[in-house]
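Sharing a structure with you now.
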Amino acid sequence: MEHAEVHIKEEKFEISSGNKKWAFGLMIVGFLLAVIGYFTYHPHIEGLNEHDLHHLTQKRLWSNLLVNGYFFFIVSICAAAFIAISQIANAGWYVAIRRIPEAMSEYTLIGGPILVIVSLFALPILYHWAHEGIMNPESANFDAILAGKSWYLNVPFFYVRMVLFMSFWMFCAHMFRKYSRKEDLEGGMTNYTKTYALSATFTVIFGFTFSMFSWDQMMSIDAHWYSTIFSIYNFATGWVSALTIMYLFTHYLRSKGLLNIATDEHQHDLGKFMFAFSVFWTYMFTAQFLLIWYANIPEEVAYYKERLFGSYQFLFFFILVLNFCVPFFIFMRRDWKRSRKVGYIVGAALLLGHWLDVYLMVMPGSMNLATLPTAENPGGIIKVPFQGFGIMEIGFLCLFAGLFLWMTLKALTKANLYPTKHPYIMESALHDVGV
Amino acid sequence: MSYESPIRDQLVTGGKTYRDVTRDVTRPLENAPSKSWWIGFSISTLVLALWIGATTYTVFVGLGAWGLNKTVGWAFDITNFVFWVGIGHAGTLISAVLLLFRQKWRMSINRSAEAMTIFAVICAASFILSHMGRPWVAYWPIPLPNAFGTLWVNFNSPLVWDVFAISTYFSVSLVFWYIGLIPDIATVRDRAVSKARKFWYGFFAMGWNGSTKTWHRYEVISLILAGISTPLVLSVHSIVSMDFATSLVPGWHTTIFPPYFVAGAIFSGFGMVLTLLIIAREVMNYKDYITEAHLDAMTKIVMVTGTMVGMAYITEFFVAAYSGVEYEQYAFLNRAFGPYWWAYWTMMTCNLVAPQVFWFKWARTTPWFIFIMSIIVNIGMWFERFVIIVTSLHRDFLPSSWAMYTPTITEVSILIGSFGLFFFLYFLFCKFLPTINMAEVKSIIPTHHEDHGHNHVKGENHAN
Amino acid sequence: MQTNKYILGVYDNPDKIYSTTKKLINKGYKVDDVYSPFAIHGMDRLLGIKRSNLTVAAFLFAMTGLTLAVTFQVYVSKIDWPMIIGGKPNLHIPTYIPITFELSILFTAFGMVTCFFIVNRMFWGKNADIIDPRVTDDLFVVSIQIQENKTDIQALNQILVENGALEVRERIKD
């Protein structure tokens, strides 16, 4: 019934030397590890010649770049989606932490071009449908099923879609930031109304385009395979990861005595979101897995055969533990959603879990070698078992994490730590989750 | 009262006081039913009689009374079942999901939406019973040790999952609804004059006296019930969708079915809520409780879920083409351009295209227009189930067994009659229970009436 | 010495009763309970009501439902009457998910609601201990327990009236 006094003041974030050390340290160490990993990787697989093995090294390199490029990009674009969805839902509570997703979305400025470049190189190396001769009936590599998809899966169309979608999203994310920063100076409702209209447009278009984006980037790696729920599943992955990063940043900033307008109540609500959407992710996972497992149609189960019964089995179950069991059983408790220590542990587990999830979408499909179809191997694909989780993986993960961290921290310095003139700022400041 | 930004819409208009709320909501309970109530109730009773007649006829004659054949073994019965279960989703969604999201506009609509849920699930269950052909052995899907040895039910079967899902959903919704009703029943009890009213409402009020200790536990339990009802709502329609999706039938077996069915259920549920509430706010004069802001919010949800469902249609179509499986491709081409093309395009128009008018503010706030739209949504969602079931079945793998399906008069009567059952129960509900959650609505009325709630800012804003 | 005598202050506004209750508690009066037509935000914390343990009960009930469902399905499909259906293994774990989930929810809901009724001592047909018939309509009542030789009834009445009480009266609970 009565409220503590809240002071809305302009608060700035400054990058400390510790921040710099971490961000650049991660990038440098990551880069070095990746380089070492690349040069020390000498696969020994029976029946493969030197040329194939060299090709495998290339595949691992570009797979890693694709995993990280994709993961960090969808996380930052889901942060923009978080802003848009909260805006059209008239949410008030999140305003105190709004600058964090805004800052996260600024990574797209560099992550977008990186992903485009990675795709440019990765396409002929990783994607079976883009290999030479697959679509050509004259060729020995000809695959009639994939050729039937050439109306959609062809290189020029792939790029047109990718560039078009990504530039639209990045434009919207940019406008969200711009309106929000302008609001701090001007006040009033103009920028709010504009954001509202743009958010509605963005959300609808994002829904459709993100679907295609995930089919292009991820589903077409296993070119024969298809699943209608795949895009929603991918969205769940990006969305939970984005929420987790917001949650971690809020904890971090508060631990440094900043962003005091955000309280345990905000932490609690973000924690609830992480909990709820982890369950949502599990729901998507189950829907896809259960239906494919149950129907047992050969062209569909191929995807799970490698993951569930092949060399990736451990990761498959490990992801379920990280993405479902950890948040579900730990974040069920009210005080653990509010605790910084527990929050850091759960957050780290979730991020690792979702990163591994993307890893598992890419690797079993991309680490294959195309050969001429033979009687024993009519698909013309040699499956390469899990090559281990080596320093190349760790290196690239660190490199991208450092880059993401740096872009986000830098973006945080560009404006007040929370929007001071947002119409819902007081609601957010006095936010209380109730019972 | 937590702080609210002044730019938010007032959820209760007309400067209502607590006492006004009590009076307005209990009026239909305490007075003789109005003329419009009698007219509505009589019509629904007549339609209910049609349902009883047609269902009884089916039970006596057997399923031969229906237009099913060897190829199309599921048609109107399961279409209606899924349709009604779908309708039954908005109630719990409004009270549970919107409670978790702290959407206060749910407060004046959740009671009737939950009632609608319960009645819709009853209608849905009636179709399951009648489509069994021998309803007297309806207990067979329940895993009971039985007289035939301990032959258990098949836990691999989605139909058994359905039995568990629907009965859990029905009973949990009923409990949730009842818990929400207790404080309001106590209000009616305390206002009662006649002895019978005092006794019956007192009986069900369970000695509620508004103590803060009870309120605290009440809030906690509402929150947990909401927390478990939310995944329950999602699971129920997911499991219904698995009746189809676990099969090998092209057009049925697709992984997007669970979330797509859930989105469709919310869509149709909100359609039905709008139909009912627009009538209620006119007939019972609840315009100050179910305001234009409420209609605006609900129509936005209709638009969003409609677009989601539309996206699922397009995804299915796209992936069928992309998959390279000719049976999948044929199933979808047959849907859109085969003999049942009219059903497919009705579905597309009503569910994907029509709700797009809600981009316009006028469309979102004009009751008569929303009323028409809500009926269109319901028609579209009925056709969606019809399209999924009949068009996927009628041309299967063997062209020699291709067939067409036409409903008989009995089936149509049962469908129409089920609306009679639904409205019959709904009218009784309006007469005997408060249709608006008084306790919750009172909690969002601004506390200072003199300044109409526009100036109850308590925090200090030190922005420059 | 506590007595079974209570002073009731009747209000018509949740803000007023909240601030009054706060004053009374600060002055050391023993506020027994506050009765209201709806849950007043923050009142439970003000009265020092411990957060209900219903959530723990909920978790335990969920686990019970889960265990029962899994045990039963495994017993039926693996031990008691194994049958191969659709080429699935007898221990068809993924298809246990739906029923296990539903039963966990069912047990949680019913178990918890039963607990709720028990802790509140609510049951069908209970005679309500009605403080004021309008407390379920539009009035808010604060009830203060009188302590022998300690509570200054005069001063208490004055506080209640000064803070806008419509009515102050005495109540004896047996």
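Should a chain be cited, it is by its letter among A, B and C, assigned in written order, with residues numbered from 1 in that chain.
We take it that a contact is a pair of C-beta atoms (placed from the backbone, for glycine too) under 8 Å apart; a residue touches a chain by one contact, two chains touch by 3 or more.
In this text, all values refer to a predicted model and were calculated from it rather than measured experimentally.
Of the two chain pairs shown, A-B and A-C, the one joined by more C-beta contacts is A-B. Core chain by CA centroid proximity to the global CA centroid: B.
Distance between chain B and chain C, defined via averaged C-alpha coordinates, is recorded as 29 Å. Mean C-alpha positions place chain A and chain B at a centre distance of 35 Å.
Between the CA-based centres of chain A and chain C the separation comes to 42 Å, rounded to the whole angstrom. For chain A, residues touching at least two other chains, in rising order: 1-2, 290, 294, 432, 434-435. Residues of chain C found to touch two or more other chains are 14-15, 40-41, 43-44, 51, 55, 86, 95. Counting only residues that touch two or more partner chains, chain B has 1-2, 216, 219-220, 231, 242. Residue ranges of chain A in contact with chain C, taken from their complex: 1-2, 286, 289-290, 293-294, 296, 332, 334, 432, 434-435.
Chain contact summary for the complex, chain C toward chain A: residues 14-15, 18-19, 40-44, 51, 55, 59, 86-87, 94-95, 97.
Note for the complex: chain A touches chain B at residues 1-9, 88-90, 92-93, 145-146, 148-149, 152, 189, 200, 204, 207-208, 211, 215, 224, 226-232, 272, 276, 279, 283-284, 287-288, 290-292, 294-295, 297, 299, 420-421, 423-427, 429-432, 434-435. Contacts from chain B toward chain A in the complex involve residues 1-5, 7-8, 100-102, 216, 219-220, 223, 230-231, 234, 238, 242, 245-248, 253-259, 300, 307-308, 311-312, 314-316, 319, 321-325, 359, 457-463. The touching residues of chain B, when paired with chain C in their complex, are 1-2, 17-19, 22, 143, 150-152, 154-158, 160-161, 164-165, 168, 171-172, 175-176, 179, 182-183, 186-187, 189-191, 202-221, 224-225, 228-229, 231-232, 235, 239, 242, 438-440, 442-443, 447-448.
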